[in-house]
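The following blocks contain the structures, represented as structure tokens.
Next, two complexes with chain A in common: one pairs it with chain B, the other with chain C.
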Partner chain A sequence: MRLLRFIFQRLLLAVVTLLALFTLTFFLMRAVPGDPLMRTKEIPEETRKNLEARYGLDKPLHIQYVIQLKQVFLHGDFGTSFRTVGREVNDIIREQFPVSASIGIISVLIGVSIGIVLGIIAALNRNGIIDRTAMFLCVAGISLPSFLFAYLFQYGFAVYPLTVLKISPESWLRPAGWGETRDFVMPAISMALGIVASITRMLKSQMIEVGFSEYVKTAKAKGVSLTRLIVMHQIRNAILPIISIIFPILVFTMSGSLIIENIFGIPGLGRSYMTSIQNSDYNVIMGLTVFFGGFLIVMNLVTDILYGIIDPRIRVG
Partner chain B sequence: MTTKTQSPHELTADEALSADLFKPQPARGDDSEILSRPVVGYWKDALLRLMKNRVATMSLTLIVGVAAAGIFGPLFFPATDDGSAYENAQNLNFINQAPTLGKSLLVTEDSPQIPEDLVMEPFDAAAPLLKGNSLVAPATFEISGMATVNGVTLKWQPLTGVSGYQIYRTVTGKDGIDLKAVETEANLRGIQVGTVTNPAQYSFTDGSGLNPAERYIYSIVSFTVDPQTQEETLSTAAKVLETGLTQTISLTDAQTISKSAQAGDTIRGHAHIFGTDALGRDIFSRMVSGTRIDFFLALLVPTISLLIGLCYGAISGLMGGKVDMYLMRVVEILDTLPELLLLILIQVALGKGVTSLVIALCAFSWTGYARVLRGEVLRLREIEFVHASRLLGAPLMSIVFRHVAPNLLGVIIVMWSGQIPRIITSEAFLSLFGLGVEAPMATWGTVLQDAALHFQQYPAQFFLPSAVLAATLLAFYMLGDALRDAFDPKLRGRD
Partner chain C sequence: MFNRLKTGLAALTVATALLTVSAAQAQQNSQADRRNNQEVFLNMADEPPSMDPNKGVDAVSYFWLGHMFEGLMTTDKNGNIVPGAASHVAVTDGGKTYTFTIRPNAKWHDGKKVTAKDFEYAFTRLADPAFASEYSFIAATAQILNAAEVIKKTKPLSELGVKATNDSTLVIKLASPVAFFKSLMSFQAFFPVRKDIVEKYGDKFATSVESVVGNGPFKLVAWKKESSMRMEKASTYWNASAIKLRAIEAPVMLKDVGAAFNNFRTGGLDITGLDKERLETAQRERLQVKTFADGSLFYLEMNQRQGKLFSNLKLRQALRIAINRREYINKVSGVPGDKPAFGLVPDYMPGAAKTYRQEAKLDYRDGDVAGAKKLIKEYLAETKQKKVPSFAILAGDSTNAKKEAEYYQDLLKKVFETDVKIDSVPFKTRLQKQRDGQFDLASGGWGPDYLDAMTFMDLFMTTNDNNHGGYVNKAYDELILKAQRTDNLAERVKLFSEAEKMLILKDSGLVPVIQRGRAYLLADGLLNVRRNQIGQDPDMRFASWRGASAKK
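Our next item is the complex of A and B:
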């Protein structure tokens, strides 16, 4: 019963958040100088009027707001792009989200698995050379933005080998491009570094904390073998909190890949978002913002509910 | 039964305690309560711990150094001829230069004379027109005078029987191009820079788009035009030559470096330790002056966010009840919004500029302070020493400033310093999308943005400023870590 109330409260908050996001985006977009009908070539007054009427831009702002609100929330329809005639925003999302999501998921997989291994090694080798190196790399991974890594990899792994070392382009990574398996490598690694860093740090401190706990002492006193102690007691308990931060990381990675997509020329949602902003393409901006926001909110909701089920202490009283 | 009662034991003289065994203890005076060691309070302890942390002191030194460079550096920038800021001064004769400590430059007149192309009667006997079936290239091909960025004058021995010459140019070193390769393979000759349709002409001046940082390979071929079909036939053989360009500087520019410079002198140019960008601006000076805006943002934005968050959190925490609940719901909603997307949208809506950057960056960063400070206020409101102080009748202001504020300060400093590197990153991020400050103004982000456009050809332009950015971010981050350790003894030795 309490769990149901908790879920209901969260759902309500999620709806309010989405509404706030919608409203904020709507008015911010209208505040941007220029409008979607602005082209390099002047359009005749008559044509302009017709176009405005067709897209509903001639109506007062609050009417436009209500119309779009209904469209989006009742029908889940974001309308068509102003730039590419007849292109449905829903289609853009349907085609490009899998691209962004696949890179996100791959980088999370890479990041989490390396992070877990590194974290365990660092904790077992406390203050040793591996630990210190890993910790320095972690600080770098957390504090440096992913675009620095992206440019570094693009040059070091693709541009330099291809132009200076003259490796044949067929058998090597491309500086930019999309459509082949090899094109995943650099974007995924540049995004994974930050994840590796945060997972390693967190797991290491968890491992150390668990190492001081009573049940580990008891197990030690009972004469449990070292391998069993580390694997069954320490690692298993230290990894639990890691599982709970994977969801937020996944969400962040999927929406935080804007610049990576631009650097590596990946036809994902991040690139569409940038072009739509440059063109004041209202419907696309709205669609992508609400989609990203909604995705974030739903994922947070799922995480919260899962927490609520796993750990009753967290449930909102 | 008789009971033998012992008489009370008489003390012998030896056993008796004489009064003089009991001497009064000398008065202890006041020094027992005196603290023999210096008092180490919370703040002093934090400071001492910070100073003992080697990583922290190194980071602090680096940050202070960068900040000092930003503040005082621009005072030492060289003058420009029109008095504008040195970091924005473009010099199209010095585009995309590799890092240098100052090259020797030849001073030329302000509007250099581009030599005229000369015509000479074709030199008949020297070269047979046809060799087998194919056309030949001119027998000699050389540079006339000095090759500078203003123009390269090429000279060759004219041929008879040809309709003219075509001249090509390519850059040495790109895709394995060298003199030998160009001579043998026609498709490596590069762009066509000129067509000479007078067979008697024996010189040509190429003056467009020359980059002093490159070495060029010129090739010349002769061609004939069939009078009937207008079809062009090129000679398969080419004559090639390779040249670098002499660095020149115009007289006016030279005189800003050395007053006494005259045309024809050689002077030492400015040092460009990070090289120059695609507009010939000195990248190092752009970074130095960019420090001003970056550090300004990095200090101002967290401070404004802190003030907003502090007021918001304090109101929420002190009012409690319904107000607290609604205020915190607003924070929760703001926290779930996709920050990056809205940051871009706000920046687009407000337009480029420092003010809009401050607003955009503040819009979302205050919620963290509000959440944490509300929690702290709630905790401190119920803590024993505040209760005690209230019971003793201390006025509200004294409770706030003596008990609450100092306890909040540690948390505030840690959060505030932790936000600095994030602001610097956000500025760079927005600039890379072209959403930073207005055009000529330099920030670290705009320097990276300019360099990112062609970083595949000139990686140094991107990676040297990146190294500065990375070092500064690392220093801020590690200093923030050290501050957290210093202010929160419970966290010491973790991670």
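Our next item is the complex of A and C:
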């Protein structure tokens, strides 16, 4: 019951948050110089007027606001793109989000599993060679831009094998493209690197911190076996904070990466978001912003509930 | 510990390998297969913004439309204007009436006959203010009777000078003769459109394979949004025997030039753009690098409005002669194929018999810092100042825009001996500031809307929205208006030449800098790929693979 009430309150809050997000986005994007009809070449005045009338941009701002508010919150309809004629924003989300999301989920799965293993190994092998290597790679993974890895992979996994080693292109990775299983490999690994880096670092420090805690000392004093000590006491407690960052990471990666999508030719949401901003494509900007906002809110809620299940101490209520 | 890590890595490698092998069954077209099948793979950076011929305004849309549709007139493999969907055209009434006869064997991709009504419908739709095509102005440029008034809503759509008198005859009446009217009739905005398809799909017209029906040499067969598109040769096309390629496909839509380059290197693409960063690698790997003029001309806009620094003629002149165009190309753009621009009309524009530029030479010494300094000294003496007031260069925020602005900054600091600032802002802010006249100097450019010098020359008329610097000269306007009213080609070259000299030599109303070139990679053996300044580019209609087997 308590949980249900908690969820209900949070959902109510979510609607308010989304309304605020909608309002802010609506006015901010109109405050930025340029509008959807601005081109390098001026559109002749008469045509511009005709176009504004067609898109409803000639109406006073507050009327436009109310119209779109109703469209979005009552009908769940974000309208059509100004740039890509006839393309509905809802279709953009429906068709392109699963693409970004699938790559995101795979890269989080890869990243988190490797990150956890590496983090534990690094912590147990503190200051040893594995630890140092892992930490060096983590710093590199966090500080080097992802396009660099993307290019390196593209060269190392595709261009080099195909052009120098002369591997047949039918049975190997292709540098860019979408629609086949193999097309997941490079983008997912490129995106997973950063995740590996942050999870490893975080888990390592958590493990060390937990290692100094009273209950671990007690367990040691009690004569608990080393394996049991590490698995049941150290890892279990160290992993908790990881869960709280996994969901934000998941939301972030599932939203699609502009760079990864551009380099590997992936029809995800990241590139559409960027294109919409460059073109002041109001409806697409609004649609994607509200969608991402809602997605983040839902994921946060899920995190909070899961957190309570894993750690009874912070159960809601 | 090491062992465990190794095991983990090994497992990962195996997993990757499995995934890769699983992909092996997937069909992929290797370059060798494509050669044999007469298929071409190329990269289109973007999803086409509009596949509706009456709406498309960008290069990507033009590429697809130009292969899928055909206007009354078209271009042959050498770029000459020849009859397209119309087999015959009669020009009467002193160049003010064009009567087109539609080819009896001109067919739509679904087998229906192309009729004069399809053209009447498309032209009317283009001018319809309710439809609000961004390209509607071209109907006025073509001087179609009452087009300008229809767009301004001062006359009803029914008075537009386009009528299909029967299924095969289209009569177009013009307000005044237009020298390049036939050439205009080969462009996208004047392609035919099927009324029944438009009405069937409404707002969804031309948003999917089913909802767009063309009449050109290629037919759209696949379209995955933001991902890939494919056209195949249309058997219904009246001139199908001239078309060698069986299919043209964009297997990816890569915005990233580096990624497209890697795709080309591995045989995933047969033609793709190349930037200067990858030029050396391409040459080292002995890839076939080609260049072409993409049609755009870039110049420096000087704000000549009263009270602004560059309202002074001597300073404008100093700027025009101080810039060293070849040095600019070497130091800033670095693209092979870039050419210096001294005038406003690019080299490829046709004139009366030869190109316009060959018939109307315009040349002056540039990189003349001493000459510029002399002019500045005179300016200082006339205005009784010790130093030129400082000014700013308005620039975008891309790497190239900044690099360009910095080059100008260095040069102009030396020439003008004053403080030169850079106002670097986001793209749309720059456009807004240029439009509002809030700048001293800004880089501007123009790409042609049609293949005639007019598309550049009318830019600097007093009332033109794109005349950001605010150049005003009644005599110039008069010359352009005269050229608009005549279809005598030699006379027009004379008028344009006079106007151009007035604008550039006498008034220094703008500083032309470069005619933009582009480099691209082309697979060996892919022949007859035509690069265009307007219309579909690359034009693959007449391309073919050399020595491909002719198997079916």
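Definition applied: the second predicted complex is superposed on the first by the 232 of 317 C-alpha atoms of A that agree within 3 Å, B and C clash if a C-alpha of one lies under 4 Å from a C-alpha of the other, contacts with A are read in each partner's own complex, and residues count from 1 in each chain.
Throughout what follows, a residue touches a chain if its C-beta (ideal position, glycine included) is under 8 Å from a C-beta of that chain, and two chains touch if they have at least 3 such contacts.
What you are looking at is a predicted structure, and each value in this text was computed from that prediction instead of being measured.
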Partner chain in contact with A:Pro60 - chain B first, chain C second, else both or neither: neither
A:Glu180 in the overlay: touching chain B, chain C, both, or neither? Say first, second, both or neither. second
Looking at A:Leu51, would you say it contacts chain B, chain C, both, or neither? Reply first, second, both or neither. second
Given the touch rule stated above, what does A:Glu170 touch, chain B (first), chain C (second), both, or neither? second
Could you say whether A:Gly223 touches chain B, chain C, both of them, or neither, answering first, second, both or neither? neither
Residue contacts on chain A - larger count, chain B or chain C: C
With the two complexes superposed on chain A, say which partner A:Ile297 touches: chain B (first), chain C (second), both, or neither. first
Could you tell me if A:Leu24 is touching chain B, chain C, both of them or neither one (first, second, both, neither)? first
Could you tell me if A:Val159 is touching chain B, chain C, both of them or neither one (first, second, both, neither)? both
Going by the contact rule set out at the top, does A:Ser143 touch chain B (first), chain C (second), both, or neither? first
Between chain B and chain C, which residues of chain A are contacted by each of them? 32-33, 151, 155, 159, 163, 175, 262
Residue positions on chain B within touch of chain A in the complex are 174-176, 329, 332-333, 336-338, 340-342, 344-346, 348-351, 421, 425, 428-429, 432-433, 452, 455-456, 459, 462-463, 466, 469-470, 473-474, 476-478, 481, 494-495
Sites on chain A touched by chain C in the complex: 32-34, 38-47, 50-51, 53-54, 80, 83-87, 91-92, 95-96, 114, 117, 121, 124-125, 128, 130, 151, 154-155, 158-159, 162-163, 168-185, 262-268, 271-272, 275, 278, 280
Footprint of chain A on chain C - complex, ascending: 1-2, 4-5, 8, 12, 16, 19-24, 26, 28, 30, 46-52, 55, 57, 129-130, 132-134, 136-137, 151-153, 203-207, 224-228, 251-256, 258-260, 262-263, 265-268, 426-429, 431-433, 435, 445-447, 465-466
Can you name the residues of chain A that touch chain B in the complex? 13-14, 16-17, 20-21, 24-25, 28-29, 31-33, 135, 139-140, 142-145, 147-148, 151-152, 155, 159, 163, 166, 175, 201, 204-205, 208, 255-256, 258-259, 262, 273-274, 277, 285, 288-289, 292-293, 296-297, 300
